[in-house]
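Given below, in the form of structure tokens, are the structures.
Shared between the two complexes below is subunit A, which has subunit B as its partner in the first and subunit C in the second.
Up next is the complex of A and B:
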């Protein structure tokens, strides 16, 4: 099968999942009753006849007096126009909030995934190659313990030690508050603390040549990224080590050894690539933990991404954001899985024939 | 006929003996089992006779009338671990009710944590496995539809889905468990289905069908007993995983402050504002207890996996 046929097939399989996702979010929004559903579109300070009038308008717009399946389509139409209501926590449309906070989360997860790969591959490969050596034993003990830790403990331990106690790196927010007045209004909105054009402060400051702010904002990424990396690391090293051990038992590896290929080359050239593939198959779970972990880590470090925003919204009863997050995180996860699937099929042609 | 039954029983007994030997030969698994039993023991004692461990009011973070009987405790800062308070003390609430012994809170919390994790995993596994077996055996469109439904549940990061479900149905302890069951059953539906697909092709199923057994009988008398052992091992592993997820939910404040129960994540949440002021034990201690429990369960689960994996036993 050609790669593009596989991609098209994979895209078609995506349709029921996305329809199902909209069902799920629609059901969640309506299970709580009409008042909870309307809460995401109504300003809580609005009272009296103005409120009454708005409720009537919204009831007409979403056809709330019609059967549920008709309501679904009007809701879907609103969602596709990006109308997810208004957030009470930021006082802006929910969609605007996603545009502001999403880039930070994307940056954090990309940095953490990159670090995870860079650290876990050599450790997993080396640990399997030197099976039962002291190094392997200690790697196994450390990963097993790390694997059994709740994400919040990993995040909070980093926050307490490197941040609050030793003051090695900043542990709160996206930039030191003392630097805020120095940022010009031209590319930074001081009332909402959002920078333009990318909304990632480090990059925006870099683009505008403000080195102090750029460097400071960059330092604020390190601890959350490190915490998220530690939260993901153990799972990947465990899978990698197990699959490397399996690959090292294969006949072709034995042949390579028998014909006199140096051990280091056997590991790096023959075994490593094939050992990496099974790791990719468990990425569904890993990507899910990546975003779940990002929520907790962002909350601990008040790192202003959608994970932090979702938690704050959850705690303050901001229904539009919680529902919007479910939908948006769902879309991100589906898209990420699709990209990784295609990448996997590209790397391993056998997959396309299944 | 009688002799056949006796030998059959002997075979079963020998099987069990072999399984026990494989498990007990694994030292780390036995260590895991012992820590696990310690936790279970604590939970049972708190349930039956909390007085034995000196614990009162096992369902409350702050015992009723606590401030009236201990007026000196209002505004008392948390004390570090010492001989008197092995895990230190914690301070709760805006008025700062101090002197709350962390060891006692942890002992109370273990009971609730174990109860919730078993509840979530067992209910989730029961629903999921049943759906998995039926959809795997029935095949065709039912199977296809079931798998697409599980896809939808996997398409949202599990922590976010739990938050959203909890937000809608209300932030209570029971609802937190329900939210996690909603996340957990699809895992078992997939697992039960894949186990059914391999069992379905076995010759004994074919012979059962040939001898005229109905679909229901084949599913529940022949397939389910073969699917259960690996599912039980998965359950034993998941009890350690689910505690990590719901304590994390509790940590970020899933339970509102007027519905507090002694749960390890909730205790860590109380410590969230205290730890940065130097009272590190208020978060680290409950976190470490969760880690110890998950570690013990994982060690034990690895041992159990060796028991049912025929390649590893001989």
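Up next is the complex of A and C:
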């Protein structure tokens, strides 16, 4: 099949995929009834007829007496009009919350991705090159352990050890709160704790020459990024090692050795880039793990990203945020896998899509 | 001594410094309360998380002295009005407060009687706000119920039909005089100072905002009937003024510097708060962090990232004991709060809704608990001592988390009646419980029903299991099984005439420290609990006909409930303290005798603080007022670090 036809077909399939995903989440959000949702809008002190009246108003406003699928279509219609609703967690439109928090999540995932690559490539290559050595055995044990650990456990372990016990690095928030009063109003909104222009405090502080805040904010990124990295790199190392081992058995590699090419060059010049190909594509498909991990890690470290916001919203019954996050993450995931599939086809001419 | 390392700001390192106060000048409080506050607007917020910020940033005319609930000191007022000094009229219907001249808002605007008046009008107009505001507390004294605008809590004061009359009533309810800088409240009924002052000193509702700033922030009031009508919309969720909601100009000792939504707030000293007797000028920066879980709050606290930690559940008190022994933390308490917890009987169960709202398989008569002897039997089957010692955990965790009590006017409130002065306070006696059940005529009657417990409250879930076992030992036909329901679901199901919950566990946190807040909510017909639990005079009157064999029993019950309502109404409006005490005691005795509740425990409070944290002037009374959260909400202006 021609690639462009494949891309168009995937784009068309994106619509029912997103609808299916968001409907499933919407239905799950409503399984427990409406009490948690309504609790955001009703003060427990409100009782009697005043409460009843408010419940009636809210039921009418949010169509809570309609079947779930009808409520869903109201939500979908609002989405197509660009209205994601208001987040009761932050008191702002959901769309505003994405503008505020998404940059932090993107930064965290970029840092974690960078660290993952920087750490996993040399370890994976070296481990494969020293197959069954003590180093290789050690790497396999560690990666197997990390691979088996759920990401929240890795996060808590780092929080407890490097954070609260050894106090090596900050473990909560995006910056030390005591620095907040020192940040000028010119680029920091003290009502919402949002910095400008990028909404990433470390970068904005750097741009405005506030080195103390920039450095402190950067330190706050390290532990959550490290936790996310550890959750990812085990899988990457394992894939890279396996891929490298396979490539090292190929005829062209044997030929290179036979011609007297130094082993170091055999690994780095002949074997590594071919071994990286499946690793790159596998990494892409781990994007879901990356964002899913970010949700958990951000909550543990109270790192102000989409993941933290979505988790708090979920616990508070802030349905608009949960649905908005599902929608956005769903789009990102589908788009990412499509891009990777296309990239893979370009990188490997043998790939053809049916 | 050991070494620490410092990177940028803050202390990081494997080891800690001893006998050195970390981060001097900064007090950090960790609150185990995920989600953060609702608002910092004193006329909008009505929950404890936001209250803690409001009490520190928004001043009131008067405030409680130490841990007293009956003594006040002048805060924004220059003195406490009395009949003797002419501040209160002899009929207790007019209260005049003169403002002290030396206080100002955080933006430098002087605080005047005009601002107090403006804030009071705003409070009245917001008392019908959504999702519910505390403004009804002051409004109830200033607006008539039986004449326009027919005040009703949580209902908008001004509507299209009454706007002229409502406007007049509001403008008559509170006035100001710029010449004398005096604000005057004109009450609709005689009200003793011990009651009215509880409303005036409540930051939620009566926290004073800067009128000029409100108008500059597009939150000003137009003083016409239509202006009042329109202004009420600003109290509806979705229409709040964001700046006023999260960053209002301060009248108190602190101002809000930065708010990190749902996570933290940084308070810095109000530069224009000069310090007054009882509240010194502040020098500390305060950081309040709302933490997602008790485990995280605990870890942050013991690792030195917090000076104070609040709302930790009981098991952590045991974990903290080694630190107390090592001198690395102190737990001050227990001290009494006026928060009480109890089990509620529903005397008119809407059994048709049980299957859909709670679950299938239950079988109980709708009027099972309408029989007073059944309720009494249940009350005598509850092992109160075992509950507080082993289930609540006083003996288990070595700390007094709560005390048994009897009657709704708990210790710490004015006109408290000790259980020894009451007849009929139940104690654990299974033999008596069985005998009562026999007498009720409900022995050997099938009763399979749920005991509703708020989700996550494993303590009372366990207590319900134990009670169920005790009841089954008396009568195997009683099958009572605990069920978790979300707290908001429980509130949502508490609808008059449509409540499917036969018995459920809940509590009462005071809006103001006066018996009426308790008696009206828990004993009065139509009150917060009696309303949805079937305590309706007409219904009670009908029970005698429905149960001719026990007609005398039900007739007496209906008569007692009628007397209770009358007694409470008389007590609430009695200005003479001696007579008020007698009337509340009478009402309390009647209420206890009706066995409307099983009284579980009166909560205590405790402060968990680092050893370098102490209360103002070394007096713990400043941080143990039961009205100010009792160990959960700090008055930061009364904490000293170092």
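Keep this in mind: the second predicted complex is superposed on the first by the 252 of 354 C-alpha atoms of A that agree within 3 Å, B and C clash if a C-alpha of one lies under 4 Å from a C-alpha of the other, contacts with A are read in each partner's own complex, and residues count from 1 in each chain.
One rule holds in what follows: contacts are C-beta pairs under 8 Å (C-beta built on N, C-alpha and C of every residue); 3 or more make two chains touch, one makes a residue touch a chain.
Just so we're clear, the structure is a prediction, and the values are computed from it rather than from any experiment.
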Inset, instruction - Please work out whether A:125 is in contact with subunit B alone, subunit C alone, both, or neither, and reply first, second, both or neither. - result: neither
Inset, instruction - Check whether A:191 is in contact with subunit B, with subunit C, with both or with neither, and answer first, second, both or neither. - result: second
Inset, instruction - Tell me which partner A:160 touches in the superposition: subunit B (first), subunit C (second), both or neither. - result: both
Inset, instruction - Report for A:176: first if it touches subunit B alone, second if subunit C alone, otherwise both or neither. - result: second
Inset, instruction - Check whether A:329 is in contact with subunit B, with subunit C, with both or with neither, and answer first, second, both or neither. - result: first
Inset, instruction - In the overlay, answer first, second, both or neither for which of subunit B and subunit C A:212 touches. - result: second
Inset, instruction - Check the residue A:266 against both partner chains and state whether it touches subunit B (first), subunit C (second), both, or neither. - result: neither
Inset, instruction - Identify the partner contact of A:225: answer first if only subunit B is touched, second if only subunit C is, both if each is, neither if none is. - result: neither
Inset, instruction - Pick one for A:24: touches subunit B only (first), subunit C only (second), both, or neither. - result: first
Legend entry - Common interface residues of subunit A - those touching subunit B in one complex and subunit C in the other: 32, 36, 159-160, 164-165, 299, 315
Inset, instruction - Quick one: which bits of subunit A touch subunit C in the complex? Just the residue numbers, please. - result: 32-33, 35-36, 38-48, 50-52, 54-55, 86, 88-92, 159-160, 163-173, 176-181, 183, 190-193, 212, 215-216, 219, 299-300, 302, 304, 312, 315-316
Legend entry - Parts of subunit B lying in touch with subunit A, wherever the complex brings them together: 148-149, 151-161, 163-165, 167-169, 240, 243-245, 247-248, 251-253, 265, 268, 275-276, 280, 283-284, 287-288, 290-291, 294-295, 298-299
Inset, instruction - Could you pull out which subunit C residues touch subunit A in their complex? - result: 7-14, 23, 26, 28, 34-36, 46-47, 130-134, 152-155, 237-238, 240, 242-243, 245-247, 256-264, 266, 268, 285, 287, 289, 291-292, 296, 299-300, 302-305, 486-489, 491-492, 494-496, 511, 526, 528, 531-532
Inset, instruction - Enumerate the contact residues on subunit A facing subunit B in the complex. - result: 16-17, 20-21, 23-24, 28-29, 31-32, 36, 144-145, 147-153, 156-157, 159-160, 164-165, 284, 287-289, 291-293, 295-296, 299, 310-311, 314-315, 319, 322-323, 325-326, 329-330, 333-334
